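Paired with chain B in one complex and with chain C in the other, chain A is shared by the two complexes that follow.
Now for the complex of A and B:
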């Protein structure tokens, strides 16, 4: 899901970078001092989670945890995700430098969608957790498909979408499990 | 955790290593923008871009084998994207149209070249500068303070969390070996939550102790940067060289269309 440099249209990258920096300012302003270690930790956890691989059909996929980031950090997930992506780009070249804004917008939108779903209190908590995990992956994939489409890629993007559908289902189960664990051990993280 | 791969060759001494991190960041970002703005189907200018980057690798004294190894990490993402063009062509026109003369195949090749050139530049950037200096450079380039603090904390936490992950992975695999099932996925979820909880508690203790020692978002001990004129000149020459190739190629394309 980390788009490398040179893959998508440069104009899209420039617009996304400007929008991402604006969003970092908008979502990060007046951050309570207690939230800063949580954001740094979540950013690091997002990175480490990407190192947990599942064997699947002869290959492997890794966790994203954007849904969980949205549930725990809410709108402040965006700066944490941006910092995590900057770190991954510089250290491991997972995602490019010029596409940093695009990747941050995609994944930040996943976390934001998860946060919105999590706030629908009329739904049972377990269902909200499953949906947050699912849309935490699907929303970034939809955005990524749109970016590929506008960059001139043809119908090959449907192949990309089908790969990530499986990842979204797995992520929804993981998200459910994480929320249940937090509810039992440290419920204040969810409230 | 073994993390010597991070800034592994940043201690070498070369003209590239000695350049101010701010100058390096701006130059690499500019050059990547110039290279990735090449039109789909352009292949010829990449010979020149490749030559310029090869010269940079030679000057920086970073081993080529190391760069190749690092390239392998991101290679699948670039290959997948490069394949999407030919795949789209096969879906819409069938196998008959498949060949090097096909514009979709050429566009895929351009994506591949752009992706790898940008990747090598990024590897060079991070291999010739210590990570905390890059962060300092970004801070001096007016990166939002919150991002700077989060990134700096992440750099410190990530090793702790990774060690935690290795420990819990060993415990998980010894208790629930076997294939991926739904019940095993729950174990993965519990593992993620456990890693998060343990690390969160530790990070809060660390951060509180930092605050009690007067931490205000700036990391004391970080060396200040001094911008040198020759760094700016060297970076400008590098950017202008790449820009010249880019503009020359645009003109050639312009004439060939006319």
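Now for the complex of A and C:
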């Protein structure tokens, strides 16, 4: 899910980097002091989660936790995602540094979608958690597939989408479990 | 607040600049009797045509010199057990050194080709003895994870401190 350097046009990457730094500022400013440790913890969880790979259908998938980030942090998930991606790129070359902005916007969109789903209070909480986990992965994968497609990599890249459907199901289960856990242990984290 | 934004920007572009200077990564694969080292900046950016020097354990004169190929690979045949030193320099400011531990050799300098196999002594056994591929990196994976987590928590602490001080000043003022 992490796009490496040299795949997306550099001009698009520069625009995405500027946009994502602006978004980090916009979503991170006026953060209540109590949210900062949550963002730190979530950033650390995102950083580690993406490093856990599962082999599948000749490729490998990894966890994202963008749905969980969206549920717990809302719009403030973006700075946490940006920080996690920055350090994954710097330390593990997992995702490019030039494409950092594109990756952050893709995955931030997943967290944002999860947050929007989580706010639909008319749905039962468990269903919201499952859908948030699912779309937290599917939205970034769709965006990434589209970006690859428009960069001239053909339709084969949509194969990734089918592989990541499995990841999305796993994320749904994780998201559901996390919500259940926090509802019992620390419900104020979810409200 | 303005100062914290400035700090963030300095941190972001500062780190970008550090990485633009490129850290060199290594992957060492031992296929008896060969040891192959791949040098790369990132998965899509191998260290091409870089000058390499190989030093045998406890020796100051190079055992072998050469250049990496277009995929960033360099291969050599160690003839002694111990810590071999691999130095690389792309002559554009990127240099690094890698110590490769060799615990088994299949080639003994000039004492070659005197066996039944007509090949390096031990070559017949190599396939049995070396199963799979050993991949080593210059910094262990788990250390990198811990480093990343430490930096993330450190930044969180800095922001928490800034916010706490602002709140304190607000209360006092």
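Criterion: the second predicted complex is superposed on the first by the 180 of 191 C-alpha atoms of A that agree within 3 Å, B and C clash if a C-alpha of one lies under 4 Å from a C-alpha of the other, contacts with A are read in each partner's own complex, and residues count from 1 in each chain.
As a convention for this text, a contact is a pair of C-beta atoms (placed from the backbone, for glycine too) under 8 Å apart; a residue touches a chain by one contact, two chains touch by 3 or more.
Fair warning: this is a prediction, and the values are worked out from it, not measured in the lab.
Placing chain B and chain C on a common chain A by superposition gives a clash between them. Of the two partner chains placed by superposition, chain B and chain C are both touched by A:31.
By the touch criterion stated above, A:68 is placed in contact with chain B alone, chain C being left untouched. When the two complexes are overlaid on their common chain A, residue A:152 makes contact with chain B while staying clear of chain C.
In the overlay built on the shared chain, the residue A:181 is in contact with chain B alone; chain C does not reach it. Look at A:170: by the touch rule set out above, it reaches chain B but stays clear of chain C. Of the two partner chains placed by the overlay, only chain B lies in contact with A:49; chain C stays clear of it.
In the superposed three-chain model, the partner touching more residues of chain A is B, compared with the other of chain B and chain C.
Using the contact criterion defined above for the overlaid structures, shared-chain residue A:162 touches neither chain B nor chain C, since it reaches no partner. In the overlay built on the shared chain, the residue A:126 is in contact with neither chain B nor chain C.
With chain A as the common frame, the single stretch of chain C that clashes into chain B is 91-99; none of the other options in 55-63, 91-99 or 109-117 do. In the superposition on the C-alpha atoms of chain A, the part of chain A touched by chain B in one complex and by chain C in the other spans residues 4-6, 21, 24-25, 31, 33, 36-37, 39-41, 43-44, 47-48, 51, 83-84, 86-87, 89-93, 96-97. Of all the residues in chain A, the ones that touch chain C in their complex are 4-6, 21, 24-25, 29, 31, 33, 36-37, 39-41, 43-44, 47-48, 51, 83-84, 86-93, 96-97.
Contacts from chain B toward chain A in the complex involve residues 6, 28-29, 32-33, 35-37, 40, 70-71, 73-74, 77-78, 80-81, 83-85, 87-89, 91-92, 104, 107, 111, 113-115, 117-119, 122-123, 125-126, 131, 134, 138, 144, 146-147, 149-155, 157-158, 161-162, 165, 169, 179-180, 182, 185-186, 188-197, 199-200, 203-204, 206-207, 211.
Taken in their complex, chain C has these residues touching chain A: 1, 5, 8-9, 12, 15-16, 19-20, 25, 41-45, 144-145, 147-149, 151-153, 155-157, 159-160, 163-164, 167. The residues of chain A lying in touch with chain B in their complex are 2-7, 10, 13, 21, 24-25, 28, 31, 33, 36-45, 47-49, 51-52, 54-56, 63, 65, 68, 79-80, 82-84, 86-87, 89-94, 96-98, 148, 152-157, 159-160, 170, 173-178, 180-182, 185-186.
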